[in-house]
Every structure is written in C-alpha cells, then in structure tokens.
Amino acid sequence: MTNDYQFTLDFKVRDYECDLQGIVNNAVYQNYLEHARHEFLLAKGVDFADLTRQQINLVVVRAEIDYKKPLTSGDHFYVGLNFSMVDRVRFAFDQRIHRLEGDVLCVQGRIIGTAMNARGRPEIPKGLVEQLSQ
Amino acid sequence: MTNDYQFTLDFKVRDYECDLQGIVNNAVYQNYLEHARHEFLLAKGVDFADLTRQQINLVVVRAEIDYKKPLTSGDHFYVGLNFSMVDRVRFAFDQRIHRLEGDVLCVQGRIIGTAMNARGRPEIPKGLVEQLSQ
Amino acid sequence: MTNDYQFTLDFKVRDYECDLQGIVNNAVYQNYLEHARHEFLLAKGVDFADLTRQQINLVVVRAEIDYKKPLTSGDHFYVGLNFSMVDRVRFAFDQRIHRLEGDVLCVQGRIIGTAMNARGRPEIPKGLVEQLSQ
Amino acid sequence: MTNDYQFTLDFKVRDYECDLQGIVNNAVYQNYLEHARHEFLLAKGVDFADLTRQQINLVVVRAEIDYKKPLTSGDHFYVGLNFSMVDRVRFAFDQRIHRLEGDVLCVQGRIIGTAMNARGRPEIPKGLVEQLSQ
C-alpha cells in the first residue's frame, strides 16, 4: 500500500492535537498534510523556507478534504502523497492519511497550490516542476 | 453585504496565527471557520461542548476551501455563514472570510457535517435541524 | 479590578483551544498572553510585525506561568498586563488571566523579553522604552 | 550528553510551527515539552488519555521556561527530561531542548505538575510515583 505513493511520512498523534471530543481537531490534519508536502519538497531538494526568503511563496489555493475516520491519542499514522501538475501554473497534491493500526484510511485530500512571485502573481520558478516530478 | 448571511462573527488576526510567510497559516482558517460555526450553534441554543459531553459528536465529513487572498498581522475580518441541509443526516455550512479593509473576500468554504451517536453512527438529535433553521 | 492594569484585553475561549481534558491546553495560554502583549504594543504605537520586517526582533527570554484554574469552552476572560523595565535591555510583562464569571484568577505570568538586532544581539530600539512607559 | 536524561525524544521542526519571525513560536515549545512528558509517561506505562477518561487529570501548575536560542525551519532537536517529586503531591519535570546541529541548548524548563481527582482536588493515584520513578 505504502509504495503506491511517491512519498510517505510517518507521524504519531500528539495529545495537544486532540480537542474536547478526544480526537484530532479538523484543522490539525491540514498541519499534517502541509508538513508532509514540505518534507516531500525537501526530499526533492526544494526548501520551502528558503524559497520564502527569496520571496517565492508557495501557496495553497484550494483544499478538498474528506474526513473518514478520526485519529486519536497515541495513533501512529502516515501521510501518503502524489504530486502532479493541474495546468502550467497549478500543482496538485493528492494526499491520504492512513492509521497504521488496522490500515484505516482516515483522511483523503486534494490540495491545489501555486507559486507567487514578489509581486503576488502566479509564477513557477524555472526548473521547479522538473525537480518535483523526477 | 454582512446581512446576506444568517450569521457573522468578527475577528482580528493574532500574530501567532501567522507563519514564516508572514501570513495566516492555511490550517488556521479552519480554526476561524470552526469557531464561527460553534458560535452560530450557540446563538441557536446548541452548545457543541455540551453535546460532546452527552456523547453526541458533531463532526465534519468534508471541507472544500478556496484560498483567495491571505490575511496578515493586524487584519480585522469577519466570517459569514449560511446553514442548510444537504440531506436527512448531513448539513452544510457555506462560509466566507472577508477582510474588513477594502472588503476583500479572502476565503470561501463549504463544510459538510453530521452528528454521530455514541456508537459512531450518523444520527441527528431530534429537533436539532429545526433549531438551527429558525 | 480591571483598572489595576496598564492594559487589558477581552477574549472568549474557542473550542479548538481545548484539549482532550476538555479545558484550554497549557500552551494556548501563552498564545493569549502573547496576543495581549502585542495589542498592548500596538496601543502604544509599536507594531510587532513591522519591527520584525525591520529586523528588530522582540523576543521572550523567560516565562514563569502559574496555572491556578483552568478555562473551558465558552468562558469569557480578560488578560491584564503591566509593563516595566527589569534592567537596561530587558522588560517584564506581568500578566494575569481572569475569568469573567465569578472573577476568577486563572493564570498568572511574568514574561521577560528583550529586543534583538539583525546580528542577534540585545539592543532596544531608541525611544521604545519611553513609548511603552507612557 | 543524551544519556544524562531519564528520557529523551527526537523531533523535527515543522514549518507551521514557525511564526512571522521565521522561528518556532514561544508557545510551541510548550507543545514539544508536553509531548515529551506524555511519551515519557507512556514509556513508564502511564497513558495520559486513559487517565483522563478515568477522570484523573494530570495538570501543570507552574512552568518556568528559559528561551536561550530559537529553533527554526528544518531543525532537528531532542527534548531531554528528568522526573522527580517536589513533595507528596507535586512532581517536577526538568526538561531541555537541544538542537542537534552544533548541540545547542535552546530551551530549558521546569514544569511542576500534580494529579487532580474528579472533585478537582490534588490526589496522586496509588502507585503512580513508583511507576514513574523506576
């Protein structure tokens, strides 16, 4: 299952990420998804923080997230990620969160992003797409 | 504009909500949207925390969020919300985040939720829909 | 009581700030305290984000926090703040969090901060102390 | 160095934990410290979430934290922890955060905690201290 993804990252739920329902708060899954994307970028030699310092801002323009099963205290899970281009300036990250115990699909998301230059216009840095697609 | 919504809630960006890009982090908008939903529920006499203690869990099953313009340090904004039923067990919150300065639409979201009983099955508490639709 | 402070700021607990104990998570009180400090600075004409862009970093060097009573879902509270200088380069914020209902002291903290210049050395911008002490 | 501690836990900074200064936000270090404490408890056979469900609430009553050097995007670090009893009902966690690169001490903290029973009174569950001190 794991090897169906271009990239995976292991996590464990931290208690402060759970809310008063005793399960991981909805917003926190976006943190997990973002961290997995940034680690994927790093693995491809693209450093999000460095780009930001160079005034190239990678931004999310749309998120679609299906919450299927909640994660809770102590759960081990991984985020799987596939990267593709939607068009010339937008990329898609298809991401899933799997709980290890029982191999349960917890969250499924599609995150659309782009890069903005210093003037706030979409502009993909030269070579970025090739780097991420290798 | 404000009165096109069934409910609105005023906010101000807090600096700790901004990330290293100097703008509000993507996940934080879900916090804003959630808080606005819970305040809408309260205004209708429905207390999220009380329901949780009664083992009725209001949960999000899907979120679609379009990020149009970022909020940043010091921004005043409001969340507007419209509630409707999608089918017998699922409700929709159509929510928008407007920055006050320049009346800019920053985020547009559609959050689909349901209620789960103690056995983890969708079950809307009697009277809840009527209460929220008044 | 409120007027014993140089500055106060009103808040309401948001449900996502509560953890699996059903009360506000310990780390979140630091968010509240920080936001109150930054709003105090703004009220004195000092913009934390602007200073950051000018490479003047206001930083916390020590925090002492006593947790007396927890806040929980729905609580209205305020943060009271007094500012003073500890020595030539360090300032102190004595801050308290009071729940409105029953006027309960929930948290008491002393936050020591300084300003760092672009080379990472403590250096208070000229006029800052006077501005904050007015 | 690592083996001077009763327990250590490895971490990596996640970009969403950094604020507009480009460094880890002050409140986030409390998250790190809390997660390390809960993993220490687990390693000793004590499950924080389970205790909570049994209405035994482990709570922090005081935190003293010295911020020495900031962590930033991409940093690998570990939290070291020593546990001891302050008196019959209060325990202390002496915790430090070390950045791996250059073995830099970033944060030093002393967190005082206790256990509260269902009536909100300090009461350490029988056997807990022995379990944690082994």
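All chains are identified by letter, namely A, B, C and D, in their written order; residue positions are counted from 1 within each chain.
Please note the rule applied: a contact is a pair of C-beta atoms (placed from the backbone, for glycine too) under 8 Å apart; a residue touches a chain by one contact, two chains touch by 3 or more.
The model shown is predicted, which means the values in this text are computed figures rather than measured ones.
Averaging Cα atoms per chain gives one point for each, and the point farthest from that of chain C is the centre of A.
To overlay chain C on chain D by their CA atoms, one rotates by 180 degrees, a value rounded to a multiple of 5.
Rounded to whole angstrom, the centroid-to-centroid distance between chain C and chain D, based on C-alpha atoms, equals 22 Å.
Between chain A and chain C the centroid-to-centroid distance comes to 32 Å (mean Cα coordinates, whole Å).
The distance from the centre of chain B to the centre of chain C, each centre being the mean of the chain's C-alpha atoms, comes to 27 Å. Within chain C, residues 15-16, 18, 20, 22, 25, 27, 31, 34, 49, 73 each touch two or more of the remaining chains.
Here chain B touches chain D in the complex through residues 15-16, 18-20, 22, 25, 27, 73, going by the rule given at the top.
Across the complex, chain D is touched by residues 14-16, 18, 22, 31, 34-35, 38, 42, 47-49, 53, 72-74 of chain A. Per the touch definition, chain D reaches chain C in the complex via residues 20-21, 25-28, 30-31, 34, 49, 52, 57, 59-67, 70.
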